[in-house]
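Each structure below appears as structure tokens.
You will see two complexes here that share chain A, one where it goes with chain B and one where it goes with chain C.
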Partner chain A sequence: MLELTRVTAGYDPRDPVVREASLSIAPGESVGLLGPSGCGKSTLARVAALLHRPYAGAVVLDGEPVRGWRHAAPRERRTAVGVVFQQPRLAADPRLTLRELIAQPLRATGRRAEVPDRVAALAPAVGLTAELLGRRPHEVSDGQLQRACLARALVLRPRWLICDEMTAMLDASTTAALVEVVESYRRDSGAGLLAVGHDRVLLERWCDRTVGWRTVCGAGGTAQESMSPTP
Partner chain B sequence: MAEADLGPARRTTRRVRVIASAGIVGAVLLAVLLVPPLVQLDQQAVDLAAKLRPPSWEHPFGTDDVGRDLLLRCVYGLRVSLLVGIVAGLTATVIGTAVGALAAAFGGWTDRVVMRLVDTLSSVPHLLLGIFIVAMFRPGVGPVIVSVALTHWLSTARIVRAEVLSLRSRPFIDAAVSGGASRGRVVVRHLLPAVLPQAGLAAVLMVPHAMWHESALSFLGLGLPTHQASLGNLVQTARGSLLAGDWWPTLFPGLFLIVPTLALAGLAGAWRERINPRRRSELML
Partner chain C sequence: MSTAPGPKAPMSPASDSDTKPPEGSGPGPKPPVLSVRGLSVRFRMRGGRHIAAVSDAHFDLAAGECLALVGESGCGKSVLASALLGLLPGNARTSGSALLGDGTELLTADERTLARTVRGRRIGLVPQSPAAHLTPVRTVRAQLEETLRELTGTRGSAVRPAAERAAARASFPAGHLDRYPHELSGGLAQRAATALALIGDAPLLLADEPTTGLDRDLVERTVDELRRHTDGDRALLLITHDLAAAERIADRVAVMYAGRIVELADAERFFGQPGPRHPYAHGLLDALPERAFVPIPGMPPELGALPEGCAFAARCGRADDRCAVLPPFDGRLACHHEVRADGEEPVRA
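Take a look at the complex of A and B:
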């Protein structure tokens, strides 16, 4: 289980972005989190990915409560959750070629020997040719770069996958291709998925269940939500 | 990329500038490295019978007020000035990068204290601070290098700190953390390489600046001892003869200072336009 209970998080303790949000995902389940832009769903996704320490609340990952975030979290815990970010341009180190980008988590965890095999297996799966793998981020399109970022998130075979507006910057055919890659990975590995987005049609077709931001935050909600209409 | 959206005329002038700068820097390096060991001439050889001769075939740059060959003196002077410039520029950059990166990486009180210290030091004119430092030592190359290095790391520290701070919160650092990268790996593999072009550029731009500082200190009589040729010393000793109408002892050392420093700055500018992939990818968007 990946469980978030009454999580309050943000960037200013006096004015948190997320207040008392609760969400749980069972292994193998796919959950869509739907909310307007700016409501705090990306912040909640960062908390779930162990990248952002919340001010209050509990996160339980695979039955064990999470005590540290970012570097304070043990490496196995951090790498148990794969993350795909909204903007591939910002999520990719501009100095690395796509091949190095995909191999980066393997190198960081001391599994250099697996690099050729894993890259050779993942690149065709996400639709990247050998020629594209040699290019740097500024030489490929957003869609091609997001394919590489998805491969990077899958390269360590995470038990949980968090896609934070993964397809917001992409066209319909790339969106369909990337969703298919995620789904085929989940069929093989049984990984749980949290897909964050504001596209109700996409999330309802993609996920087992879709929850609205209002439901996640209980009755309280956030200040931002009460000001902007739900799509 | 960056080349594509410039007009052909601008591209050509830029290429000419780069080639000219590289040519000058290359020629200067060759002269400075090869002339002293190859030409067995004594730059300090005094010939009072041939003092203050205008440029001729025998002495292309003329001679100074005690008959020393100015071309040889200029090459030796440039050698000393370049040595001071490169060593001081590199030292200042290393200090600045370390201080800036540490301040940004630790954050909180460390950052505040370190950056206020930087502000305080910046509020003192750095030539004055440099004079204060050289005045504590016996004249020589070492004190000049220390003085220039210790007064010039401040801007690099600011640049590096700002760069690391803005990079630290980027999603690609999040992605590295999520992919299992350790703290050290994030700094060494992702933060420092991203800062390196800026720091390297600061180092190269610092070299001409440090050369000018060395010349200024020597000109004021606080830098190198007068018998040791440096561009500042040459201009300083030539001042007297300029009033008597002898132009060559000031002109040639002056050109030796201006032309190589401009060429170095030109190369650094071209490097800045080429090496920054972030700017290139931004131009693509």
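Take a look at the complex of A and C:
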């Protein structure tokens, strides 16, 4: 289970973006989190991905409470969660080729030996050719870069996958292709999914169940609607 | 690359009097607001390589009409928009013609003409990323007032109320006028950019992916506002990969693939019955989550290494020998195999 209980988080303790949000995902389940822009859903996704320490509340990952976030999280916990962000350009080191980008999590965790096999298996799965793997981010389109970012999220075989507006920048065909890659990985691995987005039609088609932001935040809700700056 | 000032760049207010009198304003049908014929853009790259970003684009845009240009990212849509505004980098070569309703040839106009009489005055640009388009160190009010002074010659105490009227036209709330761009949500920044684009009262509005990253409600509000401004004499060219946004407001749809317009159709026919004619357009619609949600196999070809014949053949279920020859665009379709409503190919004589 991935359970978030009464999580309060944000970037200013006096004015948190997320208040008392609760959400739980069963193993192998896919949950869509639906909310307008600027509501705080990306912040909650970062908490779930162990990338942002909440001010209050509890996160339980696979039965164990999470005590450390970011670098303070033990490696086996950090690598249990794969993340795909909205803007591939901001999430990719411009100096790395796509091949290096996909292999980076393996290098960072001392599993360099697995690089050739994993990259060779993942590249065709996400639709990247050998020629594209040799290019750097500025030489590929947003859709091609997001394919590489998805491969990077899958390279360590995470038990949980968090897709934060993964397809917001992409056209319909690339969106359908990336969703198919995620779903085929989940069929093989049984991984759970939290897909965050604002496209109701897409999330309802993609996920087992879709929850609205208001439901997640309970009665506490959120004061910040679309008037707040997008984080 | 020469410094290419955007729509907000300083321009001499005296140039207002430079605008040519409209040609063809006599009796007879009104000329289109924009008429594009055989527009091609090539980028010259290192090692003598060429990238064919736009090839042989043909379309007309009438007053009061909204044309949506749709296609995957990297298919050349934005390059086409940049070509119309003269904002291409120095290694680009254009050919063909793009005539404004008053007879201005956009592709051969010099920078001075473009900066002083076209950008902001005859073509209003609603940019892809308003947060990047707005000047970060100045308030929305300051930017509206500057644009008003430059484009309309408004002076003195008249500027402030005019800026508030300009903001109101794009439904930008007056209470937020003294905010800086980073204090605005994506939707409000988009309205500020729209307000700036509308100030010059340009007959052609060019919206380049105006809804990227906005949520569905904001997308609908943004495109509805753009549509609202496309009344009477104004035309809108909406460049987008968001088919739902295109369906909502477009009168006609142009589908672009690998730098070419492969289909040009009435929006009602395209999104409803009998549906699109080109297999690529068919695949694009089928990829929508409200439809089959099935991706088109493969990826678009590199614009630097386009195949000899039809660029879509490698991904097309109908490809056969005929596809080795580039299908000509007949004004509505560029394909050897027309998709009919029942999915069958029409029998050719």
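The criterion applied here is as follows: the second predicted complex is superposed on the first by the 224 of 231 C-alpha atoms of A that agree within 3 Å, B and C clash if a C-alpha of one lies under 4 Å from a C-alpha of the other, contacts with A are read in each partner's own complex, and residues count from 1 in each chain.
Keep in mind that, in the parts below, a contact is a pair of C-beta atoms (placed from the backbone, for glycine too) under 8 Å apart; a residue touches a chain by one contact, two chains touch by 3 or more.
What you see is a predicted model, and the numbers here were worked out from it, not measured in a lab.
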First (chain B), second (chain C), both or neither touched by A:Pro54: neither
Touching partner for A:Thr79 - first (chain B), second (chain C), both, neither: first
Contacts of A:Val201 with chain B and chain C, given as first, second, both or neither: second
First, second, both or neither for A:His138, with chain B first and chain C second: first
Partner chain in contact with A:Gly10 - chain B first, chain C second, else both or neither: neither
First (chain B), second (chain C), both or neither touched by A:Leu170: second
Chain A positions touched by chain B in one structure and by chain C in the second: none
Residue numbers on chain A that touch chain C, as the complex places them: 35-38, 86, 127, 141-144, 165, 168-177, 179-180, 198-202, 204-206, 226-230
Chain A contact footprint on chain B (complex, rising order): 1, 170-172, 174-183, 185, 190, 193-194, 277-278, 280-281, 284-285
Chain B-facing residues of chain A, complex: 46, 49-51, 70-71, 75, 78-79, 81-83, 85, 87, 89-95, 104-105, 108-109, 136-138, 149, 152, 156
Chain C to chain A touching residues, read off their complex: 71-74, 182-188, 212-218, 241, 243, 283-285, 287-290, 293-296, 298-299
